[in-house]
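Look for chain A in each of the two complexes below; its partner is chain B in the first and chain C in the second.
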Partner chain A sequence: MKMVFTYENMIFLLRGLEITLIIAFSTIALSFIFGSILGIARFSGKGILAKLSAIYIDTVRNIPLLLFIIGFRFTLPLPPVASAIASMTVFTSAMVAEIVRGGLHSVSHGQWEAAYSQGFSYVGTMIHIILPQAVKKILKPLMSQFVTAIKDTSFCAIIAVHELMYSGMIVMGKFVTSTQAIILYALIAIIYFTLNTALLKLSNKIKF
Partner chain B sequence: MFALFKWKALFLSWDVFILGFAITILVSLISLIVTLSISLIVGIIRCSNLKRSKRFANWYITFFQNTPLVVQIIFLYNVLPHLGIVFSPFICGCIGLSLYTGAFGATVIEAAILAVPRGQFEAAYSQGMSYLQAMYHIILPQAAKIALPPMTNQTVNLIKNSSVLAMIAGGDLMYRADSWAGENLFYGPSFIITGLLYLSLCLPLSKFAQNLEKKVKTK
Partner chain C sequence: MDNMIEMKNVSMSFGALEVLKDISLSIKRASKTVIIGPSGSGKSTLLRCINLFERPQKGKIIIDNEEITHLRHRDLCRIRQSIGMVFQAFNLYAHKTVLENLCMAPVLLKKEKYKDVKERALMHLDQVGLSDKIDSYPSKLSGGQQQRVAIARALNMEPKILLFDEPTSALDPEMISEVLNIMTKVAQEDITMIFVTHEMGFASNIADRVLFLNEGIIAEDGTPDEVFNNPKNERTKQFFSKILKHT
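Moving on, here comes the complex of A and B:
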């Protein structure tokens, strides 16, 4: 018990948590931007852009994240953390795009027609009429996707990025007894758990 | 990445990839069966009025949905041996995947059961059926239709997540592709083939789910 909660171990795990948060929130911010663009492009339906984003979304959504993480690390000349962020952004963008598209589809078609009859352009309708309504429906699945992104940062342990899970595995190497191992993994699980439930609770509080 | 000799080497050792692919399918199938049973049981408990089991089900769902699969599987693989319980990586993967996906599946089943109109229950009771009979004969067949598209999506997630076995040397497709590429540094071709193999499993499933969703919407 005493061996687990030493100052050194805690600082080491906190550093890991820091990297986890950096990866998670960069991924969330970047994939929110790219995902929205892709989702709107696919929603618009016509033209080569819609086709391309449809192919991108369908392909990326059906390949494991782990393959992107390992693939980016070994084929691109990026530092570990940047490579982790890049690969997770590629994957999460496709997920976000699908959520955005679903939200846009859920706004009824009459809204479009009403806006056009008032003289709005396509872009004007999108910004002023459709998106504000879609945001409400997007918010919940989007938040659970972001929780998934935080959980998925633990995949980066496989390319030796020093995030929480990998730091935990290193600290684990020092331990010999079963109590220490159980306490350590319980601690890691609790950190992830608190982080995610806090985010979910926060998203429930947001209202429009 | 496009050098011809790398691809030649890859096709010469095709058996590595096929073996990995077979293990990925096997893990996914076993976990899918266990997942379905877990999510059925937990989903039905969540809709029942058994107080203590319900609280347990809630704990199970919140805990397993909010902690990473990697933590769960590494826990099974690294910590349980300390307690004298030793599973092979394959079994660890199956248990971890089933528990993790089961937590998501349970909410799918719960939502589907709640989507069946309440009157169906009452009608079944008025015919003299017990709770379990009503569930089995009346509610579940209707709920199954509603649950099929989201459950298919969970299956796709399950297959994708089975790549976590690579972290505990589980011998699945991802692990074999990674270690094959690690031996000769032909990363590009190996990962492209792996991606295509996963795509061939998941794409038909997610297209199937999309079509079902469209059908439900147009109705």
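Moving on, here comes the complex of A and C:
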């Protein structure tokens, strides 16, 4: 037991957690921006932009995240953490885009007609009528996508990024008994669980 | 010219289906017109051509002496500010309170002062008997109340034209009369109004003119008395005998 909860091990895991948080929240912030743009572009229907968004979204959504993480690391001249953020952002943006598009579609056609009949333009209708209503419907699935993104950072262990999972695996190397291994994995599970539960609790507090 | 709306040789098709067939029509300033006709005859399409919700493939639409058929999107938005529309499904902005529903467009689009717009909104809400609901959200209102708010919202834009597309068709029977009463009151205003409705009593009360639309053609055009009591057209007679049987 003593071997697991040593000061050094805990500090090492905390450093891992720090990297996990950096990757996760960078991914979340960037995906929110790019995903919203992609989702709105695809929703808006006509034009090259919409077509390109659709191709991007449908392609990325059908390829496993792990392939992006590994592929980016071995093809792009980026340091490990940046490469992890880039690949996860490419993937998560496509997910966010579909959530945003779904939210926009869920606002009834009558809302558009009412706004147009009063003289709102397409952009004005989007900003004042449609997006505020879509946001409410988007919030829950978006948060659950962000929780998924936090969990998915553990895949970055495969490219030796020192996030929580990889740090755990390194600590594991020092152990001899399976009890120690089980305790360590349980500890890591509890950390992910606490982090994600806290995020979901927080998002439930957001009210419109 | 004292015509508020003119349609000249307007034809409109959806794919192969020709819905409006060479319609020419002049609507006098401040007049009240009721359009009736069987389902699918093109009533909604005709109404939606007036604010260019539908773009006819042929013909001209002239609003207050300005041709709008070829306007750019931006100018069209400006024209629509003066053409109010009341929908069958009310379509109140679901995320806004009653008062906000009335004030949004005048403030954002017509750039009026909020204070003035609000004052006018309170007046219109009083007119439709909903002064006590200004802070309610649409989902908390009955269908009849929502439609009265929708009418007040349209009025609060101070439109030249008001279009009603079956405003009572989605309502429970007990709410129809409260909305018809408000519409009768609103019909006293100096605004050019067109109603698509099957409420014959209401039509007789307020209409200067009744049009009977059949398969995309105006088959009957006259005063309520002329059209209801002495229809020229065989199809019109059939339609009325059916409606009377059902009510």
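Criterion: the second predicted complex is superposed on the first by the 208 of 208 C-alpha atoms of A that agree within 3 Å, B and C clash if a C-alpha of one lies under 4 Å from a C-alpha of the other, contacts with A are read in each partner's own complex, and residues count from 1 in each chain.
We adopt the following convention: a contact is a pair of C-beta atoms (placed from the backbone, for glycine too) under 8 Å apart; a residue touches a chain by one contact, two chains touch by 3 or more.
Only a predicted model underlies this, so the values are computations on that prediction, with no experimental measurement involved.
Look at chain A after the overlay: chain B and chain C fit there side by side. In the superposition on chain A, A:Ser117 makes contact with chain C only, while chain B stays out of contact range. Comparing chain C and chain B on the residues of chain A they touch gives the larger count to B.
In the superposition on chain A, contact of A:His128 is made with chain C only, not with chain B. No C-alpha atom of chain B lies closer than 18 Å to any C-alpha atom of chain C in the overlay.
Residues of chain B that touch chain A in their complex: 1, 62-63, 66-72, 74-75, 78-79, 82-83, 156, 160-164, 166-167, 174, 178, 181, 187-188, 191, 194-195, 198-199, 202-203, 206. Against chain C, the residues of chain A that register as touching in their complex are 108, 110-111, 113-122, 124, 128-129, 132-133, 136, 208.
Taken in their complex, chain C has these residues touching chain A: 51, 53, 73-74, 77-81, 83-85, 87, 89-95, 104-105, 108-109, 153, 157. Against chain B, the residues of chain A that register as touching in their complex are 58-59, 61-67, 70-71, 74-75, 147, 151-155, 157-158, 165, 169, 172, 177-178, 181-182, 185, 188-189, 192-193, 196-197, 200.
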